[in-house]
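The structure appears below as C-alpha cells.
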Amino acid sequence: MGGNIRYAFDMLKANMKAATSMRGAYLTRSIFNMLNHTIYLFMWVIIFDRIPSIGGWRVEHIMLAYGVGIFAWGLISFLAYGFRTLPRQIDQGELDIYLTQPKPVLLNIALGTTQTVGPAEIIFGTIILSIAGYMTGVSFLMLAFLAICCSIVFASLVLAYGSLGFWLKDFHGSAEEIYFNFFIMATRPEAVFSGWMLVIVLTVMPISFMTHIPLHALLDDSLPALVFAVAGTFFCAASAYAIFSVGLKRYESGNRFGVRG
Amino acid sequence: MHALTVDNLKKSFKTKKSKSGFSGVVSTFFKPDWQLAEALRGISFDIEQGQRVAFIGPNGAGKSTTIKILSGILQPTSGDVSVAGFRPWAEREKLAYKIGTVFGQRSQLWYHLPAQDSFHLLASAYDVDRDTYKKRIKILTESFEIGDLLDKPVRSMSLGQRMRCEIVASFIHKPSILFLDEPTVGLDVSAKAVIRDLVYESSREDGTTVLLTSHDTGDMERVCDRVILIDEGEIIIDDKVSKLRSNYIRKKVVTLNTKEENIILKMAGVKNIDHSPHSLTVEVDTQKQSVEAVIQKAMTQSSLHDISVEDPPMEDVIKAIYAKTKKKVA
Amino acid sequence: MVNPRKLYVFASTSFRDHMSHRLKLGVRFCMCVFFMFVFIEFWQLIARENLIDIPFPVADICWYTSLTQMMLFMSPRLFMTIEEDVRSGDIAYSLIRPMPYLWMRISEGIGNMTANTLVYYTLGIACVYVYIGELPSGGMSALITALFFLYFGSVLHILYQAMAGITALWLQDAEMAYRIYQKILIVLGGLYMPLTLYPDWLQTWAFLTPVVAMMFGPVQFVLGENSPLDIQTVVLLMICWFGFSVLLMGVIYRSCVARIEINGG
C-alpha cells in the first residue's frame, strides 16, 4: 500500500514535470478552455433570461451544477487523464506494458499520460462555484466535500464507459462524445428527470449522483440526501471498477485483438 | 535449474469473418460469422537459467502470443507455464519483479521527459530503494553508454538511443529473466550491432535468462545460444544455434581464385553462383559431393591462388527450413 | 479537382467498415436516443408548468430538439482521426497519394455518417415518434424535408470538423479548436431551442455563421407553419455556406501543406 502511494506520488510528479515542459501549449489550451466554458454558460444565461425558473432551478443552480462539473472534469484531467483515453490505450495495446509491471494496472492507466489543462479547469470551476455558492448562500465546506464526491462519480462514469473500449474497437471518439453529454446532462435541471428517466440516471447512467442529489443535500440541508449522495458515490466507484476488471479479463484473453503475430 | 517451463501450451482466438459487398455487410450486421483461430497448437519447451533463446518464425507464427503469455499479459486457452516458479497470468504481480520486458514497438519511457525521470519512476514501480537504484543506474549507464542521454527528452532521441534506454529501463530492477519482443526492429545496422552486444554482455555478466523474438537472424546469431523455430503455432525446430547450419543445411559456398582465366566445374551437386575472370563461386551440396573433390577437380584445370569455404548466410538456412516444413505439410 | 469516383470509393469503404461495428453503432445510438428523450422531457416540463409562452405546439419543439441532438451524434468525430494523423506524422505520407488528404478523410467521414444515418433516420425517428406520440404539425412532409436537409447540414459539420482537425498542426491538439467550434454550433446553431426564441441581436449573429446552415436551417422545417425559412432560403443558405466553407478549407489546407513541407513532417 505504502509503495503504491509513493509510486502514485512519483507518477504525479512526473506528470507535472511533463506538463510544465510544454508551458506554451498549456497557456493556449487554458485560454481556449475558458472561452469554451464561457460560451456554454452564456447559453444558459440566455435560456434563463426567458425562463426564470425550471422546476425550482434558477441560473445560480445551473452555475452550481456547471461549476461542480468543470471542477470534476479538471480533476479527472489532472489525476486520471488516462481514464479518458482508455479506449485508445486499449486499441493500441498500451496496457501490455502496465500488465508486466508490479503496480496496479488502474493506477498506471490513470496517471500514465499527461494532460495539461486540468489545473486551469479546477481553478475556473472553483471560481464559478464560489460565485454560485455566494449567490445561493450554501456552506462552502459542504460544497467542497460534494465537489469531491461529484469528481469520484464522474471519474467512475468515465472509467466505466471508457471500459467499453475493451469490447468496442475504435471507441475513443464515441466515448469522448458520451462523457461530454454526461457532463451536459448533469447540468440539466433536476426536474427534467422523472419517471423511468430517473431510474436511468440513478442506475446505468448515474449522472444524478454527480449533481442533482449532492445539490439537493447542499441546498436543502438534507441529511438523507447527503447519505444517498455518498452511498451513490461508492456505488458508482465500485461498479466502474467491476466493469473495468471484467474488461481487463477480456484484454488478457486476447480476443480483443485476435492473432497479432 | 529451469528458469521457465512451458507444457502443451494452447491459445485460440475468436475472430469475426467479414464478407464483401453490400449484402455481405448487411448480413454480417445482423448475423456475424465467428471463427476460431488457433495461434498456438500445444507447444512445450523449457529454458535453463542463464540461457539465451531466440524465438523465431514468420509473421503470425505465434511468437508474440507466446511471449505475452509468458510475461503474464495473456491467458492461455490450455496448458501450463511456470516462469521463475510462478504461473504468469495467476501471479502476475509477483512475477513482475522477476522479469523485464522490452517491446520493440511500445515504449515504457515518458515521451516528453528525460530518460532519467522514467528510470526513477520505474525504480519506484519496482520498489528499488534509493541506494540500490543509484548503484544500479551507474553500472547500466556505463555499460550501455547512455551518460549523455540521461537528461535528454525521449522525444528527441534517435530510435537506437531510445532502444538502449528501453533496455536499461527493463534492467533497473535486475530481472532474472528478460523478454525481448522484436528489440531491433527499425534500427540501422550499427545500432542493431550495439544492442545485440549489450544484451549479450549484460546477460552473461548477470546470468540473466533471455528470450527474444525477432525476424532478424542476426539477433539470434549474435545474442543466443539456442533457437526455437515456430510456425503456425507449432515448434518446428528446437536446437543450438551452432548446430542449425550443420543439421539443417548441407551446403557450402566455395570461392576459387584461379590462375587460368576460366575453369569449368561440371559435377553432381555443384551449382555455379558467380563467375568472373580468375574467380569462380560455387555452391556445393555436401550430401552429393565433397568440398575436397571440388577443389581437386579445380586443381586439375588451373593452379589456385586462393580458396575460401563458407557457410551460406543464416537467412538462407531459415528459408530452407521453412521451405522444407511447408513441403512436409503439403 | 477531386475525382468523385475516388471519393465514392473511400466513402463506401468507410460505410462498410462502420456497419461491421454494430455493437459500437448500437451503444452510440442508445445514448443518442436517451439524450433526445431528455430534450423532449425538458420541453414537456416547460410546457406542463407553463413556464413560458412557447409560440409553437410543444410537439414541434420536441421534434426540433430531438433532431438537433441527433445531428450531433450522426457524424463521427473526424477531427480526432485527423489529429491522430498529424501526431503520428502519417499525414506527410498521405500527401504523396493521388488524392487530397482532407477530401479522403472527409469522404470517409461521410461514409461513416451515412451508415449512422440509416439507423438514426429509421429506428431513431421511430423512437422519437413513439415518445412524443405525434408527428410535427407540418406532418410527414415537414419531417422528411428536415431530414433531407439535415443530411447535408451534417456534411457541412464534417467539413468544419476536418478544419478543426487540421489546426493540430499549429496547436498540437485539435480538441481546443473543436470545442470552441462545438460551443458555437450548440449556441448559434440552435441546439437547445429554435433561434426564433433568441434575442434579435443574437439571431443576427447566428445568421452570420455557417452553423446556421448545419442545424437550425434544416431542422426548423419541423416547426411547420411557424418555420421562419422557406425551402428556397435554406437551399440558398446552404449553397452559400458550402461554397464559403470549401474555399476556406482550401486556404487552410494549402497553408497546412506548406507547413508540413517546411517542417519536413
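Note that the chains are named A, B and C in the order they appear, and that numbering of residues resets to 1 at the start of each chain.
Keep in mind that, in the parts below, a contact is a pair of C-beta atoms (placed from the backbone, for glycine too) under 8 Å apart; a residue touches a chain by one contact, two chains touch by 3 or more.
Everything numeric in this text was worked out from a predicted model, so none of it was measured.
Engineer: Using the touch definition from the top, what's the fewest steps needed to get from chain A to chain C?
Structural biologist: So the least number of steps between the two chains is 1.
Engineer: Taking each chain's centre as the mean of its C-alpha atoms, which one lies nearest the mean of all protein C-alpha atoms here?
Structural biologist: It is chain A that sits nearest the middle.
Engineer: Can you tell me which chain lies farthest from chain C, using the average of the Cα atoms as each chain's centre?
Structural biologist: Relative to chain C, the chain with the farthest C-alpha centre is B.
Engineer: Can you give the whole-Å distance between the Cα centres of chain A and chain C?
Structural biologist: Those two chain centres are 26 Å apart.
Engineer: In whole angstrom, how far does the Cα centroid of chain B sit from the Cα centroid of chain C?
Structural biologist: 50
Engineer: Between chain A and chain B, what distance separates the C-alpha centroids? Give it in angstrom.
Structural biologist: 44
Engineer: At least two partner chains per residue is the criterion; list those residues in chain A.
Structural biologist: Within chain A, residues 22 contact more than one other chain.
Engineer: Could you pull out which chain A residues touch chain C in their complex?
Structural biologist: Residues 22, 25, 28-29, 32-33, 35-36, 39-40, 42-43, 46-47, 49-55, 164, 167-174, 176-178, 181, 185, 188-189, 191-194, 197, 200, 205.
Engineer: Could you please specify the touching residues of chain B with respect to chain A in the complex?
Structural biologist: 11, 13-15, 37, 39, 59-65, 68, 71-75, 89, 92-94, 96-97, 99, 101, 103, 106-108, 110-113, 117-118, 120-122, 124-127, 153
Engineer: Which residues of chain A touch chain B in their complex?
Structural biologist: Going by the criterion above, the answer is residues 3, 6-7, 10-11, 14, 17-18, 21-22, 93-94, 96-97, 99-103, 114, 252-255, 257-261.
Engineer: Over in the complex, which chain C residues touch chain A? Could you list them?
Structural biologist: Result: residues 21, 23-24, 27-28, 31, 34-35, 37-38, 41-42, 45-46, 49, 51-52, 72-73, 76-77, 80-81, 171-173, 176-177, 179-180, 183-184, 186-187, 192-193, 197-199, 202 of chain C touch chain A.
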